[in-house]
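Here subunit A shows up in two complexes: once beside subunit B, once beside subunit C.
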Partner chain A sequence: MRETRLMQLQYATALLALVLVGLHLLMQGVLVPYGVAVSFQQLLLTYRNWVDGSLLEILLIVVLAHGFNGARTILVEWKQGKRWTSLANWGCLALALISIAYGTRTVILAVFGSAS
Partner chain B sequence: MEDAGEMKAKARAANKRGVMGWLNPIHYNLERWAYVFQRVTGVVILLYVLGHIGDTSFFVGGPLGTGPSQASWAFMSSIVENVVGHLILVLVATVVVFHGMNGIRLILSEYGLIFEKPSRIEYPYRAKGLRAIQRHMIWAAIILAIVAALWSGSILFG
Partner chain C sequence: MAELRLRIQRFNPTTDSKPRFEEFTVQQKEGMTVLDAILQARDYVDHSIGVRFSCRMASCGSCGMKINGHPKLACYTQIRELGTDTVTVQPMDNFPIIRDLATDLAGFFEKHREVIPHIVRSDEQEMDNPAREFVMSPEELESILQFTYCIKCGLCTSSCPTSATDSLYLGPQALAQAYRYTMDVRDEGGQERMKILDEAHGVFNCHYAGTCSAVCPKGVDPALGIQLLKRHVMSAKPPRRKGEGAKLWVGEKK
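Right after this comes the complex of A and B.
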């Protein structure tokens, strides 16, 4: 992907993340008291409500895409060179995908796994 | 005439400070500070998010879990729900608000919406491209970050 497209992706994910992180923070202590929000029962309800669960999954993808694209930008600014740029691009993409997969696994197990 | 190796070595020497170049605070103006903090807070937030993905996985029993586990979640809560954990959350709320608000300024300036028209450079060589609104937005980001710190502190410690 061209650098201009990647920066546009960075701005789009930034704006989306602003809304989603804002909502996430509001749910953790403002709209729902903090102690309640992090309780096991409330979290189970949150994950299994399809709107809240979906928002968490979208938040995960958006924040990691933004974060790793930002890290890639810093790495490419830090040092120049074909090999380094390629390493930064592919390394950040791989780490983003692994992190998204691990976070998604939590969401899937929270929704479909049997509680103990 | 220089060969490719010499040119490469010169280029490397010119960039020898690397990432330390933007961590050196001498002679920085407000915009440069905002630039540094945007990157530092970005890295801090990414590290927190990775840790947060790790700790929330204990809701389903950790890396080897198979479904929601009350015991596993209680174990993780006993590690993160304390004064140090809450101080980290206050710090994260603070840097997230600064990063987000300063990020809006950067997007607006990237699209040329809060830039002055370019003009002839004259003494005392102030950066004319940066309109007052940019400085106001940086201060707004700082003030909102402080408000976020106080608010999240009152929620977690109140």
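Right after this comes the complex of A and C.
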């Protein structure tokens, strides 16, 4: 992927994260008091509500894509060389995918798991 | 006349393990520049001081160095404007040192060449045998004029924090020249140039510190050119120019 596409992704995820993190904070601290929002039962309810659950999943993907793409930029600038650039590119992509998969697993377990 | 304490960083990569400072006492004169002071020390005290210079009038860009910690042209910096009787001179940062104050600009010029710093026309015949002149309006000229003042002294690259960490980064000078030629209404090489700029160490590595523009002795604003260049690369469209002068030949009717 050319740098332009990666930068467009970076700008788009930054703007999306701004909105989604705002919504997330609104839901977790303002509309629902923080102490209640982070209780186990309330978390399960949040995940099982498909609007809230989808928002959390999208937030997870957006923030991780932004973070790892940013880390990739820093790493490529930190050291130079074809091998290092390739390692930074693929390494960050792999870490992002693993993190997204792990986070999604949490959402899936909360929604379809036996906990109640 | 007052005496000037001149501290010169000395370093010969072939014999020295690390740089050291040597002090020289120079007689100040009215209108004396830092280059004059260095040359006085070199001519009358130590002939081995390594310094590069040529025009002595801020046209050739040879005498770029750090003066009291700031990248400047030695021939363009008067002792009086520094407001001190102690002047410390060091070679520019982000360049390999050849000896003392002389730095190796080969890589810098290579990056300049990389961005195709000349007008490209699709018709090679026309380039080799131009029959007529192109029209360029004053407004079109004005949009690129400041970037044509670049003398390739290297001060912008020397002050750039990205160039300090990323040796493959094209640097403010090359990127500003890429903008200058891409915006030139006579140029048709924009797309070719964009491919070079849209790489891992290209235009998006600029983090807009703005030091390049702050230190340019010719008043060029490379940071501005780079931000405008980012917009062109991002939109993946040919640059929007003020006029359509390039399509007109002298003597043709609109």
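By our rule, the second predicted complex is superposed on the first by the 115 of 116 C-alpha atoms of A that agree within 3 Å, B and C clash if a C-alpha of one lies under 4 Å from a C-alpha of the other, contacts with A are read in each partner's own complex, and residues count from 1 in each chain.
Here, a residue touches a chain if its C-beta (ideal position, glycine included) is under 8 Å from a C-beta of that chain, and two chains touch if they have at least 3 such contacts.
The structure presented is a predicted model; accordingly, all values stated were derived computationally and were not measured.
**Student:** Which partner, subunit B or subunit C, is in contact with more residues of subunit A?
**Tutor:** After superposing on chain A, more of subunit A is contacted by B.
**Student:** Tell me the contact category for A:V38 with respect to subunit B and subunit C: first, second, both or neither.
**Tutor:** In the superposition, A:V38 touches subunit B alone.
**Student:** Can A:T85 be said to touch subunit B (first), subunit C (second), both, or neither?
**Tutor:** Second partner only.
**Student:** Contact-wise, after the overlay, does A:L15 reach subunit B, subunit C, both or neither (first, second, both, neither)?
**Tutor:** first
**Student:** Share the list of subunit A residues that count as touching for subunit B in one structure and for subunit C in the other.
**Tutor:** Shared contact residues on subunit A: 7, 78, 80.
**Student:** Report the residues of subunit C in contact with subunit A in the complex, numbered from low to high.
**Tutor:** Subunit C residues touching subunit A: 162, 165-169, 198-205, 233-234, 236.
**Student:** Would you pull the subunit B residues touching subunit A in the complex into a rising list?
**Tutor:** Residues of subunit B touching subunit A: 11, 15, 18-19, 39, 42-43, 45-46, 49-50, 53, 56-57, 59-61, 65-71, 73-74, 77, 81, 93, 96, 100, 103-104, 107, 110, 152, 155-156.
**Student:** If we count contacts the way the header does, which residues on subunit A are in touch with subunit B in the complex?
**Tutor:** 7, 11, 14-15, 17-18, 21-22, 25, 29-30, 34, 38, 40, 43-44, 47, 60, 63-64, 67-68, 70-71, 74, 78-80, 99, 102-103, 105-106, 109-110, 112-116
**Student:** Once bound in the complex, which stretches of subunit A touch subunit C?
**Tutor:** 2-4, 7-8, 73, 76-78, 80, 85
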